[in-house]
Each structure stands twice: as structure tokens, then as C-alpha cells.
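I have a structure here, written as C-alpha cells, and I will follow up with some questions on it.
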Amino acid sequence: MTNRRRGSRWTWLMALAALTAIFAVACSGDDDDDDGGDEAGFTDAGYKAAGLDKARIITVDGDIPIGISSALTGEVAGLGIPIADSAEVASEGITVKGKKIKWVREDDLCSPEGGPAAADRLVKAKVVAAIGPICSGGTRASLKIFDDAGITHISPSATAGDLTTPARPEGPYVTFFRVPVLNADEAREQAKFAYDTLKAKKAFVIFDTDDYGKDLSAEFQKYFKEEGGEIVGTPAGYEKKTTDFKSIIANIKAAKPDVIYHAGFYAEATPFLQQLRADGDLKSMPYVGGDGIKNEELLTGAKDAAEGAYLALPGTQGSQFETYKKAYADKFKGDAETATFGAEAYDAATAIIKALEKVAVEKDGKLEIDLKKLNEEIKKSSFEGASGKVEFEDNGNRAGAVVRLFKVVGGKYVQLEAGKK
Amino acid sequence: MPSIRSQLQQVPEWAHALTFLVVGLLGWYFLDDTWVRVLFLVTLYATLGMGLNVVVGLAGLLDLGFVAFFATGAYVVAIWGAPISPSVEGVVNYWVLLPMAVFIGAGVGMLLGLPVLPLRGDYLAIVTLGFGEIIRILALNMDDYTRGSSGIFALAKPDYGAGKIDHVGDFLIMILIAAMVVWFVTSRLRDSKVGRAWEAIREDEDVAQGMGINTTRYKLMAFAIGASIGALGGAIYAPFVDFVAPAQFGLIVSINVLALVIIGGMGNTSGVVVGSALLIGVPELLQFEETANLLAKFGWLRDGLNTVIDGFNAISFADLGKLPPSEEWGDKLALYRFIVFGALLVLVMVLRPSGLFPSRRRELEFQAEEPEPAGIA
Amino acid sequence: MAAGELDVRALGMQFEGLSALTDVSLFVPPGEIHGLIGPNGAGKTTMFNCLTGFYKPTSGEVWLSGERIDGFPPHVISGAGISRTFQNIRLFSNMTAIENVLVGSHGRIGGQTGFHVPKRRREWLRIKGRFSPRHVPKSLAAGLVEVAGAIAQPPTVRRNERDATERGKRLLKSVGLAGRENAVARNLPYGDQRRLEIARALATGPRLLLLDEPTAGMNPQESASMVALIRQIRDEFETTVVLIEHQMRVVMGVCERITVLDYGRKISEGTPAEVQRDAKVIEAYLGTRALKDGGHATP
Amino acid sequence: MTVIFLTTAEFWADQFVNGLTTGSIYALIALGYTMVYGVLQLINFAHGEVFMIGAFAGYGVLVAMGGDDISGAMIALALVLAMIAASAASMGTALAVERIAYRPLRNAPRLAPLISAIGVSVFLSHLVDDGFLTGRSKYYPGIFPDGGFDIGPMAITYLQMFLMGASLAMMAALWWVIQRTKLGRGIRAVAESRDNASLMGIDVNRAIVVTFALGAIMAGVAGVLYGLYYSAIRGSMGFIPGVKAFTAAVLGGIGSVQGAVIGGYFLGLTETVGRELLNEIPGVNLPNQWKDVVAFSLLVLVLIFRPTGIFRQKEAKRA
């Protein structure tokens, strides 16, 4: 009964080999032609698509609902909860035309599935505007949902470049703004730092295969090469929840880089650093990571292994930082210094509230809010916030970007002065 | 004991289908979008269930990688139907893509099926599980075609002449039609010569082959038909969520579909619908505000349980967290729905190993596990 | 070369060094009822498995009606005209009697009456194995047509199905199961299950019917009616019959010629009377097993 | 993209050691699958979660004893205690699962226990992830002494040595139990034929329970080793190693204890070294996740050509 099938088995083996070859060729084909990224601004067609070419009024009875789409559970909750909390404290002691702000939190899990689901629920909850989503993947997937509903949303932390250059004839989504510094800006600073300050000529790149990780690592490679550096080995991608980095580490050792660049999140950076530092040869290999990794949980999880790591954090502390810090400590017992993107969330919320104050019209004890005017006011935002001056470019991006660099020293993040290690 | 169950079995199956259709249409007409979305998902999974039922219930092939075909259908529609997709210029009309997805699904089914079909049950299960993962990893890594984890979005919507299918309700109608077609197709197949061949293979593969049935051919047929139905589901799901990415095609989809087929009662189409309502509908309902409001009334229960937890914390090293206020139970239940799901699977299996609504034959199979008539050594 | 002629030439079957059959040759002319006997483990059922394609013989040839059929998978051999029953009844026990029979007539529904192995295809198969890209479009198309037919159920498909059901009912009547069409197989009494298995085997339209201990576990009356049934079948369906049997009363009563196997080798062949006198046969059955007319050959 | 050949001896030695260590963990887990399959013909889908529970129990002990502050001789004590606690916790879980989810289904249709096993798996992993950790990971304290020694181009850390040594010791102990004790004879008899064993006066239930318990002890120890080696543990950690271990068991010929061990090492080596070898082909660049693809493709190939596993000589029994 068994040997009879032998013939067909060989045929299948060959078919399989052929398929594998096709896939291999398909996968290894040279890609990344930069799509140029012409920085187009909002268009009339864009406003029309969002239904914001004319007044779109919603009436609010009672408190004004503003949505927050953030990761409240899951691997990235350590990032998401402080963001949500920080946004909420922006409304402390503030009323708009006598009405308080009602925050509606939804869990976007930092995922492309959670994003639209949370956006959907926020739209159903009839929020007038929203903070979030916090991750690039989730944001990308929910742009259209917010846009269809005409609801303006400001992400405190979605940093993938193409979010504001989507491939559609109407141009960028007019309902989307963001406060954080873009991946490209962050990667440029990191590349400079690695090449100029750390004097690294060869870099090994490891990245989370999600939107954020791919984008950040690609930008870093681009800028590092521009600086004159070389990317050694094959950039190693991994999926979230990966724990086994031993094979990547062997590749790092073989590639003999001067620096390791990591674009990902702390949940994977923790075991990665622990396994990296367990290897005698790589004990002191410089390690540069992105903002997704700079988190308190990295310090508590990786402990000694995190020592000496260089992490970047886009943004700066603005004049309102102390106000935010105090409010955050009072209400949520949190430490604003450790809340990554907390200041950005606070500023995003402030931008919405400030705009609301200008556009809300009182009528029979209720508030009438024109989504079109709200959107316009948010676009015109210009104020000193907790993360520096908040202004938006014509495509929804933050204007004027600053990136700070930190080093882990003695179990704490210490900010580096420019040009110092 | 003329139970409700056995009485239900007397009702012809087309009546079940009709009832389901009417319920769906009523829901479409009267309910708001949130509910319609749940109805869509229930119907979608019921359709997928009918597809898997052909493979598992009729032909007896345990497939743990059904998601592979679901993903295939979704990606066909996404790659050729979205302006953003990197490998294909332009957009193909959805009504061309839909049959294309079904055919490619069948093709993938056969391609995956041929090398593994000689394998026995449990081996087949683990290999198909592997295939499910491989398809997901392929989708994740072939950025040039699938955009990797970024996924493909902004799909061209199906056009039905008078407008575009763009609203939850429209998609519900679409999936209801698909479900009815699949229902018709699978029940016709089951009652035909082909269905009889599948059943014979399930009962005793060697003997079936000895009786002149080309078992590989019919197993492949079952695989291809199941796969094409899975792809059909994916092709309708893709424009509905308007976003196709590898993370949507995890093992949990396969498990969900298999579980609803088995919990519904294998080989029984009506059971599949009930299973889908239970396993897909109920967890969705848990996320509703109404559910949360209802649960909020159980504050007293929370206080009682918290006292117990306090006591436990006092006498042990453990530091168990307190239960949250009952107002948050709705959210928590939504969060814990997989825990509930797992427990439910075990419970239903232990109490009703042949499913809630087993088909006549499956029930027979279960009743007499003590084999062989007397007189044989 | 007449239909139903079985010619086995020097058949050998080895399992990882163990010889189950060695150099067994057998010739059964059309229409004969041939007995296959021998002590337990003599290789009788192995022989059946080789003839029906369940095992692929390691040496030797099997010819049916002038066509060489060894090396093909069971469903092809079934189509070529060999069908069998099993020692431990293997019905599709959750299907009804008529459904069991319909499974048997699977290859004949749709007008086909039996299956001839064309010479070219046969040679081609032998060299290349069963699968070839050349066959893919054709068999895909055939599969598609079959599925489409099953779904749409055009009049021809319905008529074929109806005809097959009628044929099945007649078959059931022939084996004495009239009126039991819709009984679930596992609920049938033991004797009826044996009969149903024979009916199922007949439904494939065999020219050679292999019966593996058709009277096992039956009392003398039941055995006698089984013997009558076997004769009736041979006459009614014009098949050749080879049967494995332990009850000597049955063997001597129904078989026209007998082949005796021992340790995988043919030790004797001839009419019942000749075999009974053969010293080698007596020796093989000596010890715990006495070969007497009408006696029971197995413990 | 530049293609760089990484063919230094050190690189391959590194990957070889990585493969062996991963393989040891697979092998330990695979033992549980293969034994349960041997006696019950059941794919114990929850076995990956039994392994996960062990990892958490070990973590609890290490943290309770001081976490990162454990030093000196206390390290050895802490490790032993962690493994004992892990074995006990895994065993408790496995026995509870057997009692609740499998035993009532022993005579049910074949798919029922499989679904119930999947249910247990989903339940346990999400109970830990969603219920207790709200989706976050825990990290094993890095108490194991750093350093190691070189054998030629091979650099092996003490931790890797310990891991391989401990798993080998566990497997040897298991082999001894199965081959040399009365308990083991019972298990082997039940695996051969449940009916015959019960006719021979063997308590079938007890043998099955012991099988689960032995498999769980192996998985518990594997959990601690996994935690020490990879550091991050979470509720869903059991799934992939579980599936891989089952693959290993099938590769080795399911039901065979030696086969599971060899299959584990074989799989660990192939998926680590195999992927890198494929990457040496010019133009091929398989990302890290492709080691799963390599593993599963290997499984399919093996099953097509040797349906009973690479190392099994005998054909499976035919009905």
C-alpha cells in the first residue's frame, strides 16, 4: 500500500521544490524603490470625501464626548495606558461653554484589527473628535472610518511616514493629524548619532515586521548609508511575541557590526537584550533602539541587560510640561517623565479642547458643534504645549521636529547632550 | 423521549434554511448596524462552517488549517481589487474577482491537499495546521505582493448596478445569499453520489477503495469544495472589513470554524448555524453596552467574591487582584471572551460529545462505539 | 480469455523479509467456484489482498480475463472486475442497506459497465506511476462535471441514480434482503450483514467474486442457505467465485475445485475428493487439526 | 541588498549549539505528546499549556527566593526548587485536564477529545494572558552565571550546558522509568493494547494518569529551562513549542520515546541550521520566521515519504 505512491511523491517533491524556488526568487527580488513621498497637502476632494466640505453639525447634550483609541490591554498596554491617562488630564478643571469633557476610551490593541474596531465603537459613541489610534498599523486601518464619519482624530504616537501620504486620489485624509515626530526624523537623528558620535561604521538592523518597525528600520538604513555607514548582514525581522533571538544573535556575531540598531517594542527588546548580553562577545556591543523600546518596562524586565542601551525619543519638553506632569501625577499617580508619548497625548487633547472652545455654539442648553469648523480650528492650532510648540503642516503632520536621545545608566534613562555618548 | 431536538430533525432542512434567511432579513430590516455586523459575522462563519463541514463532517478529513483558504479568498480580492496593492496595476471588477477567488481557493485546496491526503486523521490535522501557519507567514513576508503586516486596504467595493455595496447591511444581504447558495450546494452534494462516496470514505477508507471509489479523487474533491467555500467567505469578508493583513488569519480562525462545526453537530448544516451563533455571536454580544448594563446590576456578587479573595490573599503568598466594579464586567467579559470560549468548548464536548445537533448518522456512530456484531473474534 | 478467467502466475508477497506468499500459481476458469483453504496463517487472506490491490505483490503476475491487473490500486482493480467480501464484516455500518449497495455500484452509475484497462494506459501507468501533469486537465474537468452534476442534478443524473437504486433493490432481493433496504447496516442480524456484504460486492459488477469466509460464525442451517446463495449468485450473475473457507462441509459441498495453501505455498490442488486424499494436505492439517469430511478445520 | 556569505566556522558552530538547545526543549516536550499519543491516540493539544504553567511556577519560585538577588550556592538550590515546583504544577494541571476534559470522552467520537483539548489550550493560555497578566510578559531573573567555554570553534555557555545536561538527565530518568519499572511496564502494556492490558490485570486508568504525569514533569522542567534560556514567558508561549514538539514526535515516529528525543534534536537543528543553509543559496533570503515554514515543510516531506516517521522501522498496523 505504501510503495505504490512513490511515483506521485517524487512528482510532488519536485513541484514543491519548484514552488519554493519561485517564492525564494519572489521574496529576494530587490525592492524598496522610494515612493518619492511628495508632500501633498489636504485637497478639496479630501474634504469632500470626509463630508467636511460643508457644515456637519452634531448636537451634544450634557458632557462633550471625546474618544481615545489606545492599547489598554495586551503587549503594548504599558505604552497605551499612560497615553490614555495623559490625554485625559488635559481636561482637568476645564469646561467648554460650561460643559465638561467626557472621555470615551476604546482598546485598539495597537493592532490593525483593533484599530478599526475601536474606531467603529467611537463613531457609534458619537464622539466629536478623538485621540489616537496610537500605533501606525491601527491608525492606517482606521483612517477611513474616522474620515467617513467626519471625525477629526489626532494620533499622539503613530509615526509611520506614509500615514499622511496615502495612495488615494483625494490626497491625505483631512481628518487625521498627529503630534509625534515622524520615524524618518527619529531615524535620521539615530543614524547621525550612531555614525558620528558612536563612530560606528557597520550596523546590524533588527526590526519588528509590523508597520512601525519596518518603516523605522528602513529609514535608519537609508540615513545610515547616507552618512557613509554600511549595513552588514541581512536585516532581521521578527514577529511580535518572538522570544527566541538566538539565531539572529548568531547572525549578528557573524556580521561583526559596530552597532546594533533595533526598531521594535520593549516587549521583544527585553528578551532580545537579555539574550544578547548573555553572549560574552556581545556584552558591550553598542545598542541603539527606537521610541517603541524606551519604556519603563524595559528597565524592570531586562534590568542589567538594558544597561548602556541608547534609546531615542522624539519630541522635547515644552513650557506646559510641568503643568501636565503635575496633573498626571495628581490624577493617575503617574510619572510624566516615564510616560512615552504622554506629553504628545496631552497636547493632542489640548488641541482638540482649544478648538472646541472656539467652535462650540450654545443652543437651548445644548451644544452645537460643527465638525467642519472643529477640523479647521484644529488645523490652525498653534500653542506652546507639553511637547514643545504644537503646529500642524498642511498634510496633518507636526511642524518642527526635535528628537532626544537617552542612555540607560544605573537602571534609569539619562538624557544625552548633543554629541555626547 | 421525543425531545425538541428529535422533533427538529423531522423538519425538512430547507425549512431550517428558510427560517435562517427570514431571521437574517428581519435583522437586516429592523436592527441597527452594530447588530447587523454581528449577524454578518455569524452568517459568514456559518458559511465557512458549511465549507469545513464538507471536509470534516462528510469526508471525515480533519483539517486544522481552514484559515489558509479563507486567507486565499481575501487576498485574491485584495491584491487584484485594491489600488494600493503593490504587484497589480489597476483594479479588477469585484464580480470577476469573486469567482476567481473561489477557483483559486479550490486550486490551493487541491495543491495543499494532494501531498497530504494519504495521511491518517491526526497527522492530517497537524500538517494542515502547519499549512495554515505557512500561508500566514507567506502573507507576512511577501511584501511585494501582500504589503506584509501593513496589509492591503481601501478595496474597490462591489458594484451592483444601482450603487456600491458599501454598508454593513448590504454585506449582510450578500453573505446571506452566499450562505443560501452554499447551503444548497452542500446539501445537494451530500445527497448525491459524491456525498455517498465521501461517507463511505469516512466510514472505512480501505473498503471504499475496494468498492471502486477513487479515494484520492474524492478526498481531493472534498478538500477543493471546502477550500472554495472558505475562499468565498474570504472574498466577501475582505471588502467588508476593507482591510486584509496576515494578523487576521491566525490559527484562531481555523479553531473557531472547526469548533462551531463540531459543537453544532458534525455533518449537520443547521447545527453549523447554531454553532456559529453560539461561538461567534455570543462573544460579540458580550462587547455590547446593553450586556454591560445588565451585568452592572451584579454589584453584590462582586463584593462577596472580593471578600473571598481577600481571605485567600491573607492566608497565601498569592496576591490575587480584586474583581473590578460590576460596571466594568461587560468590558472584562469581552476581554476574557477567549477564556469563556475555551471553557465552553470543553463543556460542550464533555456534555455532548457528538455536538448539540448531531446529524442522524453521527448520532448513530456515537451510540454504538462497542464494535462488531456478535459472533466474530 | 473468457470473462472472469483468473490466472495467477508465481505470485509472491514479502513483508520486510517475511514471505507471506511464495510462488503461488492459480488458474480458475470462468464460472468456477473455487475453494482456497489452508491452516491459519497460510496466506489465504494475503492472497485476496494481493488480488484486489490492497497489497502490491512483490513478484508474480495477476491476469483477469486476459488483462494484467497487478500493481493497480484497489479502485482500478474493482473496476476491472474483481470484488470481495471481508473475513470480519466491513460494512459501512452507519449507512443503510441500499446505500451500502449504492456505494458498491459507484463506478457503474452514469452508464459505465465495468472498466477495461486499456493497454497503453496500463503500460504508461506502470512506468510513470499514477500521477502525471498530462492527466490533470482531463481529470479536473471530469471532477468539475461530476460536482456540477451532483449540484444541478439534471434529468440524466437523476435517472442514473434512480436506475442504480432499482438495480440495488433487485440485488438486495437476490441475496434475500428484500424489504430491508432502509435498515441501517449495523442493525441487521449477523447473517444478513454477510448477505449485504455480498450484495455490495456484486454491485460493482464483478466477473470474479472473492468471498472471505462467507459462513464464519454461522450455524449449519445458515451455512447451508449461504451455500445455496453462492451457487445462485454464480448462475445469476455469471461470475467466477473464489472463496476462503474453514468449514469443510461448505468447501466440499460448493467448491468445484480447491487450492490448498500452507506457509504461503501451494501444496495441493484439485477436486475436493483429490485434495482430501492428498498426503501433504493431511500432513498440514495434522496435529491439532483433523481433516475429516464435514469436520471443522479450525479450532 | 548585498548578499554576504556568513560561512565562518564560529557562525555554524553557534547555530549548531542553538539548534541543539532548542532541540533539547522540543525533545522534552515531545516526550509528553508521544507518550499520551501512545496510550490514548490523542493529540494532547493542551500539552503546550502544561509546559507554560511549569514555566510560570518556576518563575514564581525564583522570584519568591529573591529574583535577581539570588547568588552563590543559593542559585543551585533555587534552580532545583524551581524545577520541582514547575514539575508539580505542570503535573497538577495535566492531571486536572485529563480528569476534566479527556477522561469523560475516552469512548467518544475521535474528534471530541481533540476539540476538548483545543478548548483547554485556549482556556489556559488566555487565562494566564488575559486573566492574570493583562497581556504582558514576565521575565525570568538572569541568575544563571555568565560565561562558558570553547570547544574548537564552538562556544558553549554554562547555561546551554546546563540546559542540555538537564534535559538529557530527565530523558534518561524517563527512559529508566518506562523500561525498568513496574509503572513503565504498565504504560507499555496499555500502549500496546488497552483491552489486553486490562485483561492482564493492569489498572488502565492508573497507567494513563501516570503517563500524563510523566509527560507533564518533562514539560514542567522544559518550562523552567525555556524561561532561563529565553527569559520572556507569557500565556501564549506554549503554542509554538507545542506544535513544534508534536512535529518532532511525529518526525521520530509518534508513540516512540526514543523517536521523540531524536525527532526533537533533529527538528531543532534543521530549523536553525536548515534555514541558514538555505540562505547560503545565492538570491535566497528567508526571514527569521521562516524557520517555522522550514519545520512544517520538513514535516510534510517526512510524512509523505515515511508516513510513520523517519526513525520508525515498522509499518503502522493496518486495520
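The chains carry the letters A, B, C and D, assigned in the order they are written, with residues numbered from 1 in each.
Operating definition for what follows: a residue touches a chain if its C-beta (ideal position, glycine included) is under 8 Å from a C-beta of that chain, and two chains touch if they have at least 3 such contacts.
Quantities reported herein were computed from a predicted structural model and do not represent experimental measurements.
Legend note: the chain whose CA centroid lies nearest the centroid of all displayed protein CA atoms is B.
The chain with its C-alpha centre at the largest distance from the centre of chain B is C. Of the two chain pairs examined here, B-D and A-B, the one linked by more C-beta pairs in contact is B-D.
Centroids of chain B and chain D (each the mean of its C-alpha atoms) stand 30 Å apart. The mean-CA centres of chain C and chain D are about 47 angstrom from one another, to the nearest whole unit. If each chain is reduced to the centroid of its CA atoms, chain A and chain C end up 71 Å from each other. One inter-chain figure worth recording: chain A and chain B are separated by 33 Å, centre to centre, where each centre is the mean of the chain's CA atoms. Annotation for chain A: residues touching 2 or more other chains are 1, 5, 8-9, 12, 16, 27, 73, 209, 237, 239.
Shared interface positions of chain C, i.e. residues touching 2 or more other chains, are given as 54, 73. Among the residues of chain B, those touching two or more other chains are numbered 115, 118, 138, 140-141, 206, 335, 365.
The residues of chain D lying in touch with chain A in their complex are 1-2, 4, 6, 8, 10-11, 14-15, 18, 21-22, 68, 130, 134-137, 139, 141-142, 146-148, 155, 157, 159, 230-234, 236-237, 272, 275-276, 278-279, 281, 283-289, 291, 297, 301, 304-305, 307, 315, 318. Every residue of chain B that touches chain A in the complex is listed here, in rising order: 33-34, 83-84, 114-115, 118, 138, 140-145, 148-151, 153-154, 241-243, 245, 247-248, 335. Within the complex formed with chain C, the chain B residues making contact are 184-185, 188-189, 192-197, 199-200, 203-204, 206-215, 217, 220-221, 224-225, 361, 364-365, 368, 372-376. Chain B meets chain D in the complex at residues 56, 62, 115-116, 118-123, 125-127, 129-131, 133-134, 137-138, 140-141, 206, 251-252, 255, 258-259, 262-263, 266, 317, 335-336, 338-339, 341-346, 349-350, 353-354, 362, 365-366, 369. The touching residues of chain A, when paired with chain B in their complex, are 5, 8-9, 12, 16, 23, 26-27, 29, 31, 73, 107, 111-113, 116, 124, 137, 140-141, 144, 166-168, 209-211, 214, 237, 239.
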